Each structure stands twice: as structure tokens, then as C-alpha cells.
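Got a structure for you, written out below as C-alpha cells; questions coming shortly.
In this document, chain identifiers A, B, C, D, E, F, G and H correspond to the written order of the chains, with residue numbering beginning at 1 in each.
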Amino acid sequence: MSYWQIRLAGEGGQGLILAGIILAEAAAIHEGKNAVQTQSYGPESRGGASKSEVIISDDEIDYPKVTVPDVLLVMTQVACDKYAKDIAQGGVLIVDAGLVKRLPDIDAKVVSSPITETAIACSGKAIVANIVALGLLVELTGIVSPGACEKAVLARVPAGTEQLNKKALEAGYALARYAVPDHREGGR
Amino acid sequence: MSYWQIRLAGEGGQGLILAGIILAEAAAIHEGKNAVQTQSYGPESRGGASKSEVIISDDEIDYPKVTVPDVLLVMTQVACDKYAKDIAQGGVLIVDAGLVKRLPDIDAKVVSSPITETAIACSGKAIVANIVALGLLVELTGIVSPGACEKAVLARVPAGTEQLNKKALEAGYALARYAVPDHREGGR
Amino acid sequence: MGYKFMKEMGVVAMPKKGKKIPKISVNRAWCKACGICIAFCPKKVLDPDDEHRPLPARPEDCSACRLCEFMCPDFAIEVDGGDGE
Amino acid sequence: MGYKFMKEMGVVAMPKKGKKIPKISVNRAWCKACGICIAFCPKKVLDPDDEHRPLPARPEDCSACRLCEFMCPDFAIEVDGGDGE
Amino acid sequence: MSEHIRGYLRDQALPHIWCAGCGHGTVLGCLLRAIQKAGLDQDKTVIVSGIGCSSRATGYMNFDTLHTTHGRALAFATGIKLARPELKVIVITGDGDAAAIGGNHLIHAARRNVGITTVCFNNYIYGMTSGQYSPSTPTGSLATTSPYGSIDIPFDLSRLVQAAGGAYVARATTYHVNLLINLIAEALRVDGFSFVEALSQCPTYFGRRNRRGTAVDMLTWFRDNSVNVKAVSKLPPEQLEGKIIVGELYRANLKEYTQAYRELVERAKGGVKR
Amino acid sequence: MSEHIRGYLRDQALPHIWCAGCGHGTVLGCLLRAIQKAGLDQDKTVIVSGIGCSSRATGYMNFDTLHTTHGRALAFATGIKLARPELKVIVITGDGDAAAIGGNHLIHAARRNVGITTVCFNNYIYGMTSGQYSPSTPTGSLATTSPYGSIDIPFDLSRLVQAAGGAYVARATTYHVNLLINLIAEALRVDGFSFVEALSQCPTYFGRRNRRGTAVDMLTWFRDNSVNVKAVSKLPPEQLEGKIIVGELYRANLKEYTQAYRELVERAKGGVKR
Amino acid sequence: MSGEVRFMQGNEACAEAAIRAGLSFFAGYPITPSTEIAESLADRLPRVGGTFIQMEDEIASMAAVIGASLTGAKAMTATSGPGFSLKQENIGYAALAEVPCVVVNVQRMGPSTGLPTSPAQGDVMQARWGTHGDHPIVVLSPFSVRETYDLTIWAFNISERLRVPVILLLDEIVAHMREKIIIPEEVSIEDRPSPTTPPGEYLPYAPLPGSDIPPMAAFGDGYRYHVTGLFHSESGAPIGKGEKAEQLLRRICQKVERRRAELVRTQVENCEDAELIVFSYGATARSALRASRNLRERGYRVGFAKTSVIWPFPAEALREIAAGAHTVLVPEMNLGQLVLEVERALLRQCQVLSYSRVDGEMITPGEIERRVLEVLS
Amino acid sequence: MSGEVRFMQGNEACAEAAIRAGLSFFAGYPITPSTEIAESLADRLPRVGGTFIQMEDEIASMAAVIGASLTGAKAMTATSGPGFSLKQENIGYAALAEVPCVVVNVQRMGPSTGLPTSPAQGDVMQARWGTHGDHPIVVLSPFSVRETYDLTIWAFNISERLRVPVILLLDEIVAHMREKIIIPEEVSIEDRPSPTTPPGEYLPYAPLPGSDIPPMAAFGDGYRYHVTGLFHSESGAPIGKGEKAEQLLRRICQKVERRRAELVRTQVENCEDAELIVFSYGATARSALRASRNLRERGYRVGFAKTSVIWPFPAEALREIAAGAHTVLVPEMNLGQLVLEVERALLRQCQVLSYSRVDGEMITPGEIERRVLEVLS
């Protein structure tokens, strides 16, 4: 698949915009692909829902917005309820197990992992949950290589936090290996 | 003649704008005719040349500017030099004899009268020269009746100056009777 | 125009002893857990709950000065009664 | 860039006696006859001509204080020389 | 009293959009309490605001409310007050709204002494647009448009207004809630232009970027760095250095503009020209 | 000296458009003499003006000159000064231009203390548009838009600027030519924002309508109604009532804005953030 | 027609008519050639108990007018090019918040300070498009003092009825020209729709059933409602993007679009059999009228048409007027602005030519005649 | 193409490209969604020795930019709808005084405060007609981050070469979208023409022989010349009405008109045999491109065309592109603005349809496809 649509949704402060940018940069800068990242702004510039979308493609990307996400990461129940139904048939839904309790009944792989919990466990801070999620997503989908992803992470995070974020990323990779895809068939 | 084009030209402070308005009002309000008055503004709102134009007609007036004046009153040499050539064939050029020394060589009746001098003589003030000129013009041309003109003057001048202006107007009428039309034929 | 303030009203302290104990009401739906009321209560009446919202832990100490109410940026805490003011 | 100030220069006073008499130049093309120089000359050097422009009537009294020059709104009067300043 | 301010809020519009710990809610609360204290008629009071986080306050207030364009609240309010002088007109504005783009309307409303009470929610920053420096940002502060520290010298807003005119100028912070209520109530009683500078905290942008800590920390800083105007004369200059002077700063007895206009109308109707 | 100011004029543009007796020519003359006195480099001095009779002055001055839009001269000038700080930048403005539509730019230029010398030709009126009242018109004056006498309270422009910021504030009238020359020369020497309020006569509109007589009468009035700031402390308040205080009114030692910016650039190039 | 005979300037007529239409609030800032409007009203309004204020600038004037209108006053401001540019932001506010107001722009030669005392018609497109975003607007332009009087009253009526800002576009010639006018004894005056519901039930942005215009309560009358320049719900509360937002914008723009037919006001002479029609507006129409008459007298099949409504542009009406012509000539004191609309209206049916003059002088009948003869030959 | 690979926002690309083009002065006032441009430059400019200043408002920002440009600096400001309305008066000044400058307007939903964070294309007509009086202007609108970079540089080049203000019309989508771009290693940079005469002989508004653009001296370089917003002679001195005034206005407007052909920049796909062409600009062109490709894949004879230059509108180029089509569909995030120009360009050759959306959301390819299919069926 050379055309990926990815949506990361949650709330302000979870760092999902940054995660989307890093993912896109991994593809665009480190793997020579095309990528576009967009995000939604609320009527106010802060707080509330947050959504970051990424398209990654070998070809030119014309329409820049995600219509049918192949991969959907949700970090709040609200985001899950709102976006799960949009996902592509056979796509991947990744949820933070600690934050999303009600899983939707959709035709997609559903991966529920303790993302924030893992972030706290590996670094003591929930703030790197976005990087954990990114590692998980990359490892599960193979959209970009782990090497490209790591380079992209290190290029973006604040100086002095490289080790912390690298650990978080690796924790995300590890999570993926333990993840139990909760794959169900069936109508809604 | 039911369509008169009149131009009054001189410099700021001579009251020619007001004279034009009074003439137009005499026709429009007191004689039931149509009238339009326009004036030219310099690039600055004060000083310098001043021009007031009036059209009086029994019919509707479409184009509001004077193109070929039937009557031209000039109160400076500059105005005379600038506008005399525009005058209608057989029109009337009225000049203040004290202010305009060089008369043009045109196909029109030229009346040179001591307007400002008369104003000073009859009232002690040059300021009513515009009303003297108006009286002279009205009496010479018959554009409006003396009665209408007097009403129009009295309606416009500042309270307390009615007598002064009436005297000036009458002095103008009187001047007309002594005026020597300096009528010459000839090309320029 | 209705007023939904009470709808999600939080913990209400119960009168204790003979002293008139102020009623401290927290609107949990509006409270944004900023901690201002807790920090500036001169009598240390309020404790944070696990979501950092105020819990009137010691209402009997409350002087009904209403500083918490006045300082709260979210109209989320109200103090009624008491001998204060 | 040329300067046409002198072009229409007006009356110039001639030196008299031993004292160095200031040269007072009036540019009649620029002068607007406002009367300021005449009114405020502390030595009453200037008289109005029949067009109300200044005429250096008593240049020998001039102290070359240049008030007339500084106050003139039209750059129309200049004072040179003299023992003043 | 608390019963009462509920009626001053549009409950269906709440909770408000302001961030957790934002001082603007506190200032709004103080304003509503002052309105109550001053006994204003809710149907005869109009609240006007510009654009900014602070200016969103009007949307929550159960009065005739007008949320205008950025910086122009006082000009709109002047129209309201002049067209219907019996109304009480209150302007809510921010430091950016009042003093950056709106600075001219502020000094002119003050100059004319038109009967408007202005409450400026001064948080030293443009909150709404995510944290650019404002004309009240202290020199050296970080903001998104001053990544190397602001080199601008801030206005002393209260001093500026006083120099422009007006009848009443006062200042307090979100820490001084009782004082603020009283000062606004007094401003509402004044006949003429009154101005209350309410220093407010923006923990999200000004606080975070300048390492001022939480809302609680910022309020604590207000507490520790303010001096009441009544104490000023008793303190040595060193102790006033960098301090916020709170309290009533200025009062003048000048004719209110619509009153002067009413007299003008009398003259005009009587045919008197001057 | 007189030889010299000729070179400061664009002679082909003269005589100027101002009315007979208009004070603006006098102020312009004083400004040119002050430029000479302060020894400015004619090629490195830029004069900027807004719109108004006063603002037409730039057209007569043999410098780089910029005649901008109404009220905005200081904002244009700020761009010039910041883009090329080595230039001396002078703003010529009127009371309407500076204080009505341009009030905000005035207080902000003062606040930032940007190195611009502003000379405000204050004639208490909008001359160019034929005599409407301005924010400096005395209460009660007649103007075309105040046929019943103005009810507006005027600004004290110098006081306003001082409250906004800046490094130097002074005032004189067209009667006080030597003083005015010296004050402007001093303003030009100051490093920072300097403001000179030059009271000027408009015999055509302000004078005529308010029966102030001829230009000579108006200058006489200036003479008889001014007090030098140095004498103020010696006079009882009654004698100061309604008087124009002339002289140097204010001076402060603050860092000039482009200097602060230069330091910021050093920091930024050095990679230091604050 | 009976009524008082007056001789007055266009600017004066505008001021007088405004008072006649119910004006009780004027805020302005002087600028040539509009200043006489403010000056007249400074004198007249206090005598009728209205309010005149000279604000600190044009932005503030526009703001004050909107504020005053919200209290129920009929309110107006007057300016010229530079000030009109400055008012644009708040004109957009009035359009979105549906606050009735009349803005007079007496056109002078631009751009920028331009030629401040010379006439022009250069703000025709700006009057329609000067503020950001799509918005409703009505623009009227008279060609005589009498029409200035009439259109001023109509401007207030339209503004009040549709809750839309109306621009009255004069030019320096019409504004400063003095003409005889007979003040009509009867004029019909319209007011904004008033709420029919009590305060508790009032929705400030909900049109009454069968209408597209919401009734408007006055501030101070107890309705306690919210007005904002943000997109808003029927209750006046700010809303975000989405269907409701689109509905709001479409409704306010449709208020004018839907009434295109009512907003036609043309004057036509000798067009039935004309092969060429001179189509104009404002003072230029005076020259066009004279030119067309002169040419008729000389036997040419030339017609005259003018429109008093600039926006919405009367495309349909013009198509009918010009049905038989092969050419429509559009003289304007600009580089060709309204002619762009004429082109869009007529391109499929005939040739459209622009005649423009931008030297600060009025276009003369003579030059129009010469141009027509060139075309016809 | 070789060069540094970057992943950046449209707003950032604009800031970076501006510096690349030689920007040394930026003055602005924050407003969503343009603020990142100011924020980037507040960080970047000091590091390259340039000047960043946040002014007290948008009017002052525009003024400061003009002032800076007169000293020889390449200068820019950035804003969004409300601020763009406020800048209009001074944009007209720059146009008349021929001061090069670039004004970025990141479009959000208007009118008024509108929907501050939602995209729109509602300022297309305002960008052309927002200031009073006829005036020259060039308006560019990119559809990608890469094109934002390129058009920003071009904007400076055009502005400098023609001495005309250039408006860069972004929309919130392009401004906030992040895309991969390869920073070109070579870019061509143009500067304003410099005087060839010594100071004493310099006429600031006299074009060089064979040119219509006067050379421009920098303030502070000893030329001592006068710049005014009044109509002026070649020496810069104010003039009154008359022939000279007309010549000035025509010359400055002709500077752009005459270069219409140079100012064409279109992108065309599958139009040769298309019966219907989707024509667009800005972010909407991305949807149009996708929609047209989808429809081609499904066998429909649909083409795509977009323009990067909004004004002067490329009417001639479009006529050629659409020579074989029976319909041109113009999707826009407004109520139909550029379609008005498309109509004037094409009315005599084919059907022109508008597709508009104004709810604050981007137009999707799907809705364009549906509309096209409706038309084709």
C-alpha cells in the first residue's frame, strides 16, 4: 500500500499534532515519500478536541485531508465515539486502553493498549504518551521504518529530552509486539 | 432666451460663490425657474482662484456645468484672461474696472464698471462688491427681475446687514444704467 | 431563563454542632480544577479530590468569607449561610 | 538646486553712518502681507507699504535680532549683518 | 448575593471557554458583583466588548451585550451612550484590545469624559491569538513574537488614561477580589468616564512561557507584588520598585459628556448659538 | 545662518499654500533652524508628515520627505527608523493628524521610545478641511462642526505623550520663535522619542470664527497667555489658570528602541534566547 | 408637485433628507468633499433633539453608528474615499450583525489622498467588495440634488427594512452642486421590524415565519440579547463551522439577492428604438443625458439609461432596456468599474464599451457625443 | 530537483521564502490564521539581521512596511480578513506612491470576525477592489506549501520590478497544512530599478525611457525626494486635476495591465479533450484536482485547471484552456467571487457554473464529483 491515511485524535495537550508531524516527517524527510499533515483548529485556539491527520504516499498528494483513515489512533473516548465509524474497511484502530473503555463495533482491527500507562511506567511522565503511541502505530502498521521514525522523533523533541523520547518510542514498539488485535467482523 | 449660462470668476474672499447662489435662488425660488449652481474648488479648500457657475432655465437642466457662458463676470485680471475667450458669441462680459485693466478682444458686449469702487462709495466696504456686481449683472441682462433678486439677497445675507446689501444692490442697478457697453467686433 | 447551576452540584457540607455551618456548593460540571479556591481559602477548608476539584473537607472551619467564590474563575463554587459576612 | 529667493527681492537698506547697518531683504513674491514682522519688530524698524508689506523704514535702528525673519511664516524677510545676534 | 449573580449569567452559555485558572472569570465575577452592589437595572445596562479572550465575557452576561470588532468597543459604546444616555454602559476589554489596536478610542473616550465604565482585563498578553506580547507586557518577557524577550516598554495603562482625561481610575488584581468589586462598584457610581484596570492571569500563555507557574502561583505573585495606594506615601521608593499599585488612583469632577450634550440641545432648541 | 536655511527649502515649491499669517510657516522655519542648529546631515534626515495644512510642510523641505496618510505619519516613520536606524527621522503633524485619527500611533511611538522627533503643529483646529473642532480645541470654541460651541474637553497633548512614554517633551508657540528653535534642536539631540508641541495660529478658521482677530492678534494672545515652565513654581495657581506652559516639560533616560533592537539582534545571532 | 421650494447642495439635501427619514444619530469625521453633511447635521440635529458627534476617526464613527442603531436610533455616517476604506471592517460587522445604518461616501479622486477636491466614481467596486468575506450590501448613487434627497430616504428605508447597511455613493459634483428641489410633503418612512415576542422568548436572529429578516429589539428595552461579529445561532450565541454557519451567511446575503427586482430604479429615455444606449449613473449620467438628447436632435438613434441602484446591479432590467441595441456605452469617472457588470449582463447580447476619464474633471456631453459618433460611424 | 528537504506549514514556507527573497523588514499584528508567519519571522529575522516589529495595529503595520520599503528594504506584512480590511487605505497609498511591498492575507471565514479558525476564499474581490479609487494590484494564491514558497518569492520579485503592492492570498488550509518541500537551491531574485541619474537630476516619478516604471532611490541615499499620496508630477510634487493627473493614474494601472501575459501562471491537466473543466485556485484546487482525476478514471471527459494569479485575472489564458469545453465549473469557498471573472471571460463561449461552500469546511472532491456528474447527465 503506497497511500496511507492516518488520523490521530484526542484532546489538546496530548501532543497528537506533534506525533502526526513526526510521522509525516519520518516518511517525507527520511524515506523520500510525500506526506501532508493537517489538523483541526477549534473556534478557539486552545483546549478541547484535537485532531491531526497525515497522508503518506509515494505519489503526489492532491487532496490533503483524510477521508477514510486506514489507521486511526484515539486517545479519548469522545474521539473514539466520533471517528471510529470513519475507518477504512480492514483498517486499524488503536486506542489507549486506559482512556477508552467503550470500543466500537466496526470492521477493523482494534488494538487496545495501555499507552499512557506505558508512558508513565517508562518515564514517569504521561507527556510522552504521544511518542509511545507513535511507536506502537509505526510498529503495528509499518507505515515507516523504525529507523526513520526514530530520526524524526529525535529531530523534533526538545534538546535534552532525546533519551526520554527514545525510551518512549521503544516502549511503543514493544507494546505493539504484545498487542492483541481485537479483530471482529460484522455490521454496526 | 430661456437658458442662461452665467459664470462669476475672481478670487477667494470676493463673495462670488454667494453671488452665484443668490442669482440662482432668485430664479429658482422666486421666479419658479430651474437653476443649478456649481463652483470650482482648488486643490486646497481656501485662497486662490474662485469660480461660481449658474445655469438658469425654464426647462429641466441636464448637464449642470457652464460650457459657453452667456454672461461672464470677472473680478480679477487673471480670471478675465482665463475665461474671456469662453464667452458665447454676443454674450456679456462684465469686468470690475478697478481690478481688470486689460480687456480682451472678443465678440461680446464688454461692460467695464467700477464695481468695488462703487461698493466702497456706497457702504464704505469692499465686502459688498459682490452684491453691487450682482445688481449690475441682473440689471444689464434681465436674467431675473430686480424684485426676485432683492428677495434672494435679503434671504441670504447675515441678519443686520439687510440695509447695507440692499443699498449695494441698488447701487449695482444704478451702475448698469450708466454702464458703457464696450462692444467690439473682431477676431482674436 | 433557567439556571442549570444546581444540576451537577457537587458535595454539600452538612451542618455540624450548634454553630451555623456555611453551605459550600461545588458545580463539578463547571469547575476546571484550577486549585485557586483550595490555595487561597484562609481557613484551609477545602481539599482537592482526585480530579483536583475542591472538596469541602472542613466546612465547620469555614468563615463564609466567600473568597473562594469570588476568586473562582468558573462560577463553580458557592458559599451560603454561616455567620460570616 | 537653484534658489529663486533673490529674484523678486524687495527693498534693501543702505548702510548709514559708521555703525554697521543690517541688510533687511523682503521677498515680495512670497510675502503675504500678514503684518507679523511689522508688529513684532522690537525696534519698530518696519513700516507697512501700501500693500501692507514691510518696508525697512528705519534700518539704522535694527538690532539684527532677526525676530522678523524667524517669525515670518513665509520665508519672505531676511536680515543679514549688523552688530546684533 | 450569590443568588443574585446567577441571574446575571447566561447559564446556557456556560461553562465558559476560558482555560482552567484563567483570571478572566474572576474579573467577570467581580464585575457582576459590582453591578449588583451598585444596584444597576439589568434591563438598562449594556455591556460592550471588543475581541479577545477577555472580550468573550459579554457572551456570558445576561444583559444587552455587544461583542464588537477588535479594539473598537469604546467607539461602539460611545454610540450607545450618546444615543440613549439613560443607559448604563460598561465596556469589557483586554490589554491588547484596549491599548494596542484600541488605544485611540480609549484615550478619546477618556478625554470626552463620556459616561462609560471600562474594565480592562489586563493579562500582559494577547491570549486569544495564543500569546503574543501586548503593549502591557513587561520588557524582557517571552511571547511567541518576542522569542528573544520583548524590548518594548509597556504602558502604565492607568496613568495613560488619567493623562487623557476621565473621571475615575483604579486598579486591582484578581487576587484582590473584594477590592476589585468595590473599585468597580465605585466606577459604576461615577458620573463620567471611569476606568478600572483589572490585572488578570493568563497561565496558558503568559504564565507558561515566562515560567510563572500555575494560576495559583500567579495569584500569589500578584499578592506579593502589590501595594495599596494608601500605603504608597508611607513606603520608601526602593520598596515601590516594580510594585503594582492597587486602589483608587484618580478622581476628577468634570462634566459628563451626554450631560454637556443635553445642555447643548437646550441651547440649540432655544436658538442660542453659544 | 539665513544663507543656510535656504538650502533646506525646495524653492521651486514656494510660495507655500498656507494662508497669510498662518503660523505653520513660522513653525516650519523654526524646525529648519533647529535642524541646522543640531547639525543634522541633510542627506541622512527624513521628514515624514500626515495629512493636514501642517503636514503639507514636507513638500517644501529639501530632504527625503514623505507625505503619508492622515494620522499615520508616526507609523510610517517607525518603519523608516527601524529599517535604517542611522537616519534621523522627524515627524511633522497637526493636532488633528497626531491626536485625533493618529492618537494611537502617537502614544505607541512614545511608549516604544523609538528615536523619532515629532513636531506637532497645534492650531486647535482642522485647518485643511476648513475648520472643524479637533481634540485640542478649547471647550466652548466655535467650529463648523460645533456651531453651538464645542462640548469636548481637549487633550493636554504634551501631558498625554509624557504619560505614554518617550524621552523628551516640550512646548512653545509661534510667538516664542527662539525658544521653539532651541526646544526643537534639543529634541533632535535626544536619543529616543521626543515631542515638541508647537502652538500655531490658524487665523483663517480658528481665529476668524472665534473672533481672535488677525494673526498678529493671535500671536499677541500667545505672548500674553504663556508662562515659562521655569516660572511656574514661582507663580500662584490663580496666575497659571488657563495659561500655556512653555519650555522643556519632561525628560527621561530610557533606552531608544532601535538600540534595544540592535542588542536583540546580537543576542539572536549569538543564539541566546533571552 | 407641491411642497417647499429649496435651493440646496447635494450634501445639504442628504442631511435634510436623513432627518426627514428619521435620522437621530450621526457620527462622523471631517473629510472633503463630504464635510458639509456633517456640518449641516452639527447644526440641525441638536435642534431636533438628535445627536451629532465628531469622533476621533472614521473607524470610530462607523462603530458609534452601529452602537447607536442598536439602541433603536436611525443612524448615519458620511465620509469620502480614505475614510470609506477605514470604515470597511465595521461595515462588514453591520452586515453580519444585521444592524441598519446608512454610510454616505462622497467620491473624490483616488487612490489614496489622490485629488481631494476633484470628483470621481472610483469607489463603485469598493462599495460592493471593500470588506472581507461575502456580505450583503445595497449601494445607491444619485445624479441630482433632488435624487439625493429621495435616495437618502430610500437608503434609510431599505436599511431598516432589510437590516442591511446601505451605501449612498455620491460624487463631488452632485455633493457640491446646488439645485432647486421641492421638498415632498409626504414621504413614506419605514422602520425595522420589531419583536413580536416577549423578552424571554426573543431570538434575535430568528426571522419571523415567512420572512428572512429577524425582528430587531432595541438595547435598553429589556430583551437582553447578544450581538456579535462571530457567526451566531438564532439566539445570538457564537457558533463554529458547519451547516448553521452556512445558513446564516446565505440568509443574510439572500436578503438582498432575493429583492433584486424591488431594488431596480432606472431612468430610461429614447431606448426603444436606440441602436446605441449611453448607460450611466451619478453625475456622469447628467452628461450622458445631455449627450443622448443632443444626438437624438441630430437624428441619431441613441438612447439614455441610468441606474440609481448600483448594487445589486440591475442586470435583468438592463438586458431588457438594451434588448434592441447593438452597443451600450458606459461613461464613468473611473477606469471602468460598473462597465464590468454591464459586460457580464450584456456580453451575450451586444457590444459593451467603456468610456473613462480620470483627470478629476467631469465628463462632458461633448466627449460622449464624439465617442458615440465614432462608434456609430 | 535537488535542495534541502523540509516539512513545513504554508505559513512557515511563506516566512522562509520571504527571507530567501530578501525580506529584511516585517511589521505585523497577530491574527489567526496568519500569526505563524509573524511568529516565524520574529524568530528568524533577527538572526539574519533583519527587523521584526509587532505594531499597535494593522494600519500601523502597513504604514511601517511602506516606510521601511522606502529606505530600500524588502518589506512585508501578514494578516487575515479583519486586518486586511484595515490595511486597505495604506495599500492604496503604496499603489499610488509605487512603493514595493508584499501583503499576505491568510483568508478565514468572514465577514467580520466570522469563523476565525475556519478556511475561506472570501477575500478574492476585496484583494482587487478593497481600497478606494482605481489602482494597480497583483494578487497571487497558492494551492500547496511548495507553491506558497514559490509564489512568495515571485510576489517579491513582481513587487520590486513593478513597484506595485502584491497581495499573497493564502487560505487557512494552505497556511496551516504541512507538506514536504524541497527548498530550491537557486532562485532568481529581482530588485527594484535603481536611479541612473545623480541626486540633482533625479525625478522620482519619471520612468526611464522605454520603461513605464520609475527607478527608485532609497531614503537616506542623498536623493532628497518627495513621496506623497496626492497625485504628483514626475518630480514628486503634488499636482491638481488635469492631464498630468490622468497620465499618472493610467501609467500606474497600465504597469500591471500591460504585463497580463507575463503574469499568467496556470496548471492544466486533461483539458484538451475535456467537455467540462473544473477551474479553481488555492486549497480548493486540491479538491478539484482530485475530483477531476477521479472522474477521468471513471471515463468522464473532465479536465482540471487552476490559476496561481488571481489578479490580473488570466482571461485570455482561460479562454484558450476552455476552448473545447461546454462547461466550466468553478468551486470556491465563498459565495461565488472569482466565478464572476470567469463568467466575463467565458460567457460568449461556454456555460459557467459556480460551486460554493461557506460553512467553514474545505470543499471535498466528492461533492465536486457529484456536481460534475449532475451537469454531465
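Assume contacts are C-beta pairs under 8 Å (C-beta built on N, C-alpha and C of every residue); 3 or more make two chains touch, one makes a residue touch a chain.
In this text, all values refer to a predicted model and were calculated from it rather than measured experimentally.
Colleague: For subunit D and subunit E, what is the smallest step count along a path of chains that touch one another?
Modeller: The least step count works out to 2.
Colleague: Provide the labels of all chains in contact with subunit C and in contact with subunit G.
Modeller: For subunit C paired with subunit G, the chains in contact with each are E, in label order.
Colleague: Report, in whole Å, the distance between the mean C-alpha point of subunit F and the mean C-alpha point of subunit H.
Modeller: Here the centre of subunit H sits 38 Å away from the centre of subunit F.
Colleague: Quick one: report the Å distance separating subunit C from subunit D, using the average Cα coordinate of each chain.
Modeller: Chain centroid spacing, subunit C to subunit D, equals 85 Å.
Colleague: Could you tell me the distance, in whole angstrom, between the mean C-alpha positions of subunit A and subunit F?
Modeller: 61
Colleague: Return the distance between the CA-based centres of subunit C and subunit F, expressed in whole Å.
Modeller: Distance between chain centres, rounded to whole Å: 58 Å.
Colleague: Scan subunit E for residues touching two or more other chains and write them down.
Modeller: In subunit E, residues 10, 12, 19, 51, 62, 69, 100-101, 103-104, 108, 129-130, 135, 147-148, 152, 261, 264, 267-268 touch at least two other chains, as defined above.
Colleague: In subunit G, which residues are in touch with two or more of the other chains?
Modeller: Residues 32, 46, 56-57, 59, 82, 89, 93, 112-113, 115-116, 228-230, 238, 240-241 of subunit G each touch two or more of the other chains.
Colleague: Would you pick out the residues of subunit A that each touch at least 2 other chains?
Modeller: Subunit A, residues with two or more chain partners: 42-45.
Colleague: In the complex of these two chains, what residues of subunit E are touching subunit F?
Modeller: Listed in rising order, the residues of subunit E that touch subunit F are 100-104, 107-108, 111-113, 135, 140, 142, 147-149, 151-156, 159-160, 162-165, 254, 257, 260-261, 263-264, 267-268, 272-274.
Colleague: For subunit H, which residues are in contact with subunit E within the complex?
Modeller: Answer in residue numbers: 29-32, 35, 38-39, 42-43, 46, 52, 54, 56-58, 82, 112-113.
Colleague: Under the touch definition given earlier, write down the residues of subunit F that touch subunit D in their complex.
Modeller: Residues in contact with subunit D: 2, 5-7, 9-12, 14-16, 18-26, 29-30, 33, 62, 174-175, 177-178, 181, 214-216, 219-220.
Colleague: Can you name the residues of subunit H that touch subunit F in the complex?
Modeller: Listed in rising order, the residues are 24-25, 27, 46-47, 49, 51, 53, 55-57, 59-61, 63-73, 75, 89-90, 93, 219-230, 237-238.
Colleague: Note which residues of subunit F are touching subunit H in the complex, please.
Modeller: On the subunit F side, the touching residues are 10, 12-13, 42-44, 46, 48, 51, 58-59, 62-69, 72, 75-80, 82-84, 86-87, 104-105, 108, 261, 264-265, 267-269.
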